[in-house]
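Structures given as structure tokens follow.
One chain, subunit A, links the two complexes that follow: it is found with subunit B in the first and with subunit C in the second.
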Partner chain A sequence: MIRAATTPHPRLGVVKLASCDGCQLTLLNLEDELLAIAERLDIVEFPEATSHRSNGPYDVVLVEGSVSTPEQLEQIHEVRREAKLLVTIGACATAGGIQALRNFADHDAFRAAVYAHPEYIESLATAQPVADYVKVDAELRGCPINAAQLVELVTALLTGRRPNLPDEAVCAACKRAGRVCVMVAQGIPCLGPVTMTGCGALCPGYSRGCYGCFGPREQANVSSLSRQFISLGRSPQEAGRLFAGFTGYAEPYRDAIVELGGLPGASLAGERAHRAMGAGVNAEGKS
Partner chain B sequence: MTNVTKSAIGFLPRAGFQHLIELLAEDGRTVIGPTVADGAIVYGEIHHVADLPQGIGAEQAPGHYRLVHHADERFFAYAVGPTSWKRFVFPPTLALGESRRDDHGHVSFGPAPREIPRLAFLGVRACELAALGIEDRVFLGGPYTDEDYRARRANTLIVAVQCAEPAATCFCTSMGTGPGIRSGHDIALIELDEGFIVTAGTPAGSAIVTRLDLAEATAEQLTAGADQLAAARDRIGDPVVTAGLHDRLLAKLESPRWAQIAERCLACTNCTAACPTCFCTSVSQRSDLDGHTATTERRWDSCFTKGFAAVALGGNFRPRVQDRYRQWLTHKFATWIDQFGTSGCVGCGRCITWCPVGIDVREELNVIAPPPQVSAGPAEAAQPHAPRSSVFRVEGVRRETHDTVTLALSTPDGIDWSTARGEFVMVSLPAVGAVPISISRRLPRGLELTIRAVGPTTTVLTGLERGAEVGLSAPLGHGWPVAAAQEHDVVIVGGGMGLAPLRPIVDEILAARSRYGDVHIYYGARTPSDVLYTEELAAWAARDDLEVGVTVDRADATWLGRVGVVTHLFDRARWDGTKALAFVCGPERMIQATVNALAGRGLTPDRIFISMERHMECGVGLCGHCQVGPFFVCKDGPVFSLAQLGDVFGREGI
Partner chain C sequence: MTTESATFERSFHVEGITRVEGEGTLHLTVHDGQVSDARLKIFEAPRYFEQLVVGRAPDEVIDITARICGICPVAYQISAAGAFESIFEVQIDPQVRALRRLLYAGEYIESHALHVYLLHAPDFLGYASAIDLAKDHRAVVEQGLALKKVGNALMALLGGRSVHPVSLRVGGFYHVPRRAELEALRPALANALTQAQATLDLVAQFQAPPFERPVRFVSLKHPAEYPLFDGRIVSNDGIDVGIGEWRAAFREEQHEGTNALHARTLSGETYQLGPSARVTNAADQLHPIAREALARIGLQEEIARNPFWSIAARALEILHYCAEALEIIDAYLPPAAPFAPWTPRAGAAGWGSEAPRGILWHHYETDEQGLVRSAQIVPPTSQNQGQIEADLRAFAPAVLSLEHGEATRRLEQLVRSYDPCISCATHFLDLTVEGA
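Now for the complex of A and B:
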């Protein structure tokens, strides 16, 4: 839609939950486009860029991070009420993020292992993607999100068309880029066939398997791929752990991790907790 | 050494090979050939013999590829790797055009700037020559051609090298494409330990060959060349029985094996990307932030992606992976023959090696369609033509329902559209998108399109005002055979938006009413507020030479007419179906029910015509999205007789 000059600019907010700010940085790093975007949108809330706070209502709100604390849970409901369009950005917001690996283990044990005074830490037992709590209108995947996809989303919002965000496997982009399959040619396990494209098949371009940053694609045949990992010489548990990255909590990666033996998280957490209580620290230092 | 005469066969010693590369470069060509990168022999730029994979080969198996070292010094002792030459004549991404739309709604369309590189392909195998031949038929052999492909192809010189090291995944022998080189090359080489037997296939090849410092090939060398070819052929064997494969495969559309393959298949698209003949594409637009300028870009797509057979409102004709695998395999080995007069497979084995989970098409073919009859269709003559958008102006907007409008569009170039054939046009708006829309009326200086807002593009189109401009392709596809209905009774059955493409039939009949027998028009809509063309329906109903019935699924307080499905309108009609032709358009389920009801009234499949809905992207049979069995719905349809569709009609997941 072509906007008349008199139309007020849409109000854009950026909201952060449990996250590393990397996705916000992607927006901040749009050096060529950010000024042009700022001319067409009123960016009213953007914690990574300005400490100036402004509440909604928003025409569009970009949400980074997963819901990990009781406070964030309250916040996301408030943001939803204030936003016409809620777009989750990044692996944390769309899949729970790396912090959602705690969902496979004992939250209290982790808390006790990491913090000297766990009683001061208020966190939820699990870190969840935003869509588990409120309706999400669109999502940008990735850890971090892809700058070109972000510009595409903003452009589509401004021009009133459907954002062109492909639903294909990483393999499609990988082969268009002319890359050699790392799994077939080098036996390196790669999540590309079950992962949503968006990164431009970055890791296979460096002879690494895909880590699944963009999360599972539609109809991801995770069980067939895990069988192949095993036939490439990985143990079932190793195969399962390959799915346990930034989007490991997303189905069906989550199911694969559990089916293939789970993560050694609970025992690890227990061990650390034991150390934190003074039993193992010195012993480790000496051994 | 002396230059040999044209009739004699030349021999190029290994030390002279660098000279060949230089001659190709002197001819102004970038030489593309085999080179080692990322653990494989890929095709890249070759500047020097040192770039070639000398002494290196590859071990291949389903889902497995590893480089191996040879004892000899050969440059070409490997079987085809992950790259196929299609990448260079049919690029993975290609800017097709640039378009603009200003604040006043004026639009313009132009071609994208394009540079066609001058290339030499070095090391093309027999199977790959066959693949290029197949792509020639796909892109240049039909009524619509891909001019970008034509230009790239014409600018390429081909140096073929006969295969002597087939892989365990090869089956060119079965597909009849190799390993011996027969045609399609400019220069052909047979590599021996000490050098190359050289022959030219074209004058362009000959111009290079005559500048090489060649010896005359000895009888021993020629025998050695023939022997290694025979050995290669023996090693491959004949793994797939292709006799009758077309019919055998299409007889097994309901095989339980499809579901079993889907348990393994990742639908990752590696097979279609690696395949040297797969040609499916999708088109998208990139625009500036204001939507003023946009670039239309085409990219390789695959029948394995979720969106490939999806249509508006969330419909998907091939929702399951087993549907997509069946589409791919049956297209490649069967319906391709109906479309292009040749199999789509050359037996290069890439889809086997590069399948991450090692699905082997040879095995699947033998399990699904075990052996043995031969089938082939004719190739169509080439008529260089590509539809280009012309700018049309919105002359009038009529709101039909809450979500549907009819746009009257005029062409500024004065072409008489009232007689234009074709069923639909691709309507494009810069930075928004392009959608296929059926013509709902032909006008002397333009046409009418009835558009329902079902997605972002149609939402923008239905919001256009008088004076706005859009891009329109020439009318595409095969429409209703209205002329064939002369001297017959006519039954027209529409459901929902399906009345729009049927309206030109009524126009055509009314323009020469006496030539037709009885005419019955039956129309069903969801609710009274969804009824299209209410005034025209009333006008038609007022005539004594038309029978008009309208029904709705759900009535409201204002509705005094019939309620129920559209077939109820003629359940008890007295007309005789054996004298009638029927034209049916609407949602898939409504078409199914109508066709059953019509058949029950004596209409034979050759006299029932339906319009099929499918995902259309290019509109001219080049992108692959809309395929149904052997048909491209855009090019061969969208209107088909039931007799034409045969058992494709009503089949799930096709």
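Now for the complex of A and C:
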């Protein structure tokens, strides 16, 4: 639950787990607001932007990225202990991110397919959203997060009110924007009916189907949409790949992927691992 | 202050290098005034991208590989699209090609303004961050943010949003803008051009630490345009291979004790990519406005010899891309179709483009349906890593007389000169294992 920040200059931390840096970049992309935010908040930890470091305590900490190594697991518990409010930002932190697609595969096989010496790789079997390990006070979804939502969240934190975030499907935002439905008019598969908006129905505005950046909305009927994709002429594998994006590990997308036959790379991973272990071929370095 | 003695040993250790993208450590050991060990270690979590794209369709790969880096997603999208267009032999409409240059120009302006003002300038001016810098020099930071905003606006117009744009597909774009939409950005870009000139004049007054060394500069080279996503891969010492033939001149190798692979030339030598390499290898192809500006500040030799002067090369490229963006907008006529259709086939091809940090090279193998069978991605930071370490070894003796904290800051500044993207460098790193 959001509470008013009690100090005049609340201490803000920005920390990163497994991610692409794009959501924390969204904070730096608030070109018109950044310096004002820095005057109201004391940014004590944000390694991408400042050489000042702090292990806490924090009034608010924004966490980007999913938990995917033993060190990150330790780190997230430590951050939680130091933070009054912990806010997850982006698809990796809130849903596991694209790297959570490895959760569909046999991790040992997956790892062996990619690495020469899998035993060296300090990687948990799965990449998980932060909320699977610690209590999360608020979340911003998206791949990447939406800048206006970030401003709304920061403002809400500073004034001690609930952030006003959308709670409807991409479809609703799309219709309100007066767009012609890409699925109905052009037969393009679109995750809009089952996906939370936050992007303002960006993809249909660019003549393509939604690919699920903000994750499933509540009570999303994915089975019905899967059948729709198949009736548009997509194979079950193709339909499954549509759900297997940046929030593919979130329920109920996860079930849709499994129902439609699993992840394409997953079965291949097993095969390649078999080959790699036998012959010692192309593999990824200890990363 | 410590003096050197027969048994003198010092180490410099930075646990988490700040003001870079991603997570890395710097470790240097100095023995008797000689650097015995210099390592830039990468400890980003592995994300298995080369495996994640297996079994996926080319257009999905364009969206997936963008997620390797939130700072240079267009570089990933363009390199991936280029490789698939090479496999499927797709001809790109010249106006579509111009729009791709415009989208990429937006990424250069955004990424370089971020680096020049928010990440690197604080080193030259003695601050821990741009936020601290703004307390004393607010107008300077505001100028940087204004430039960055124009870059982001260009990306948002062509791609829907600046982080992970949604418009690029194999053959072209899902959607192209109308002429009036591009023209609406003209005033902001014209203003950015003036600010880019001011940026160049600002950084030209900075004091770079004295450090010179010869270096092998590798970049793309195109007969008619400043290197971006077409041409050949060349060096200033005679390497000249096709854009798909990276493996004919370079290889990746594993170094013990670091999590990333380093790239080397086939003869095992280090090299440098990025703005200094491009400005040196293609100075004559800079936009006339940028060429004149370079003549005015007169730092071409310094850029070629001293890695700290990459900040001037970056400022020069911001200016170049503001000028080129204006020209593309003025000449724009919407293409007949936003994308060219293509037929999937089995094949394999490599392609590279100049990410703001240097050549980002992708290679894909597809099956008959066009689905990916295997992928190799060579990011610029893993190619620069060897040269960064070589520079650290060569530069460190010059800072040994400084107080430890100051010496460490100088070493970090050198690493930042390469604008390393550690998030990028971690996730691929294919290597060939000999024996089982």
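Things to note:
One rule holds in what follows: the second predicted complex is superposed on the first by the 259 of 287 C-alpha atoms of A that agree within 3 Å, B and C clash if a C-alpha of one lies under 4 Å from a C-alpha of the other, contacts with A are read in each partner's own complex, and residues count from 1 in each chain.
Just so it is clear, a contact is a pair of C-beta atoms (placed from the backbone, for glycine too) under 8 Å apart; a residue touches a chain by one contact, two chains touch by 3 or more.
In this text the structure is predicted, and so the values were computed from the model without any measurement.
Once both complexes are superposed on subunit A, the partners subunit B and subunit C fit side by side without clashing. Shared-chain residue A:Phe246: touches subunit C; no touch with subunit B.
Applying the stated contact rule after C-alpha superposition, one finds that A:Ser207 touches each of subunit B and subunit C. By the document's definition of touching, neither partner reaches A:Arg81: not subunit B, not subunit C. In the superposition on chain A, A:Leu158 makes contact with subunit B only, while subunit C stays out of contact range.
The partner that reaches more residues of subunit A, of the two candidates subunit B and subunit C, is C. When the two structures are aligned on the shared chain, A:Asp32 is found in touch with subunit C, with no touch to subunit B. Of the two partner chains, subunit B is the only one that A:Cys171 touches; subunit C does not reach it. Once both structures are overlaid on their shared chain A, subunit B and subunit C have a minimum Cα-Cα separation of 10 Å. Residues 207 of subunit A are contacted both by subunit B in one complex and by subunit C in the other.
Residues of subunit C touching subunit A in their complex: 16, 18-23, 42-48, 50-57, 60, 63-64, 67-71, 73, 114, 118-119, 122, 128-132, 134, 138, 141-142, 145-146, 148-149, 152, 160-164, 166-167, 169, 174-175, 252, 254, 259-261, 338, 371, 374, 412, 423, 426-436. On the subunit A side of its complex with subunit C, the touching residues are 16-26, 28-29, 31-32, 34-35, 38, 43, 47-53, 65, 68-69, 71-72, 97-99, 101-102, 110-111, 113-116, 121, 123, 127, 143-144, 199, 202-203, 205-208, 211, 213, 238, 241, 245-246, 263-265, 268-269, 272, 277-287.
Touching subunit B in their complex are the following residues of subunit A: 1-4, 33, 36-37, 40, 152, 154-156, 158-162, 164, 166-169, 171-172, 175-186, 190, 192-194, 207, 217-219, 221, 223-225, 227-228. Every residue of subunit B that touches subunit A in the complex is listed here, in rising order: 37-40, 42, 63-66, 81-83, 87, 92-93, 101, 103, 105, 263-270, 273-274, 284-292, 299-302, 305-307, 321, 353-358, 431-433, 455-457, 459-460, 463.
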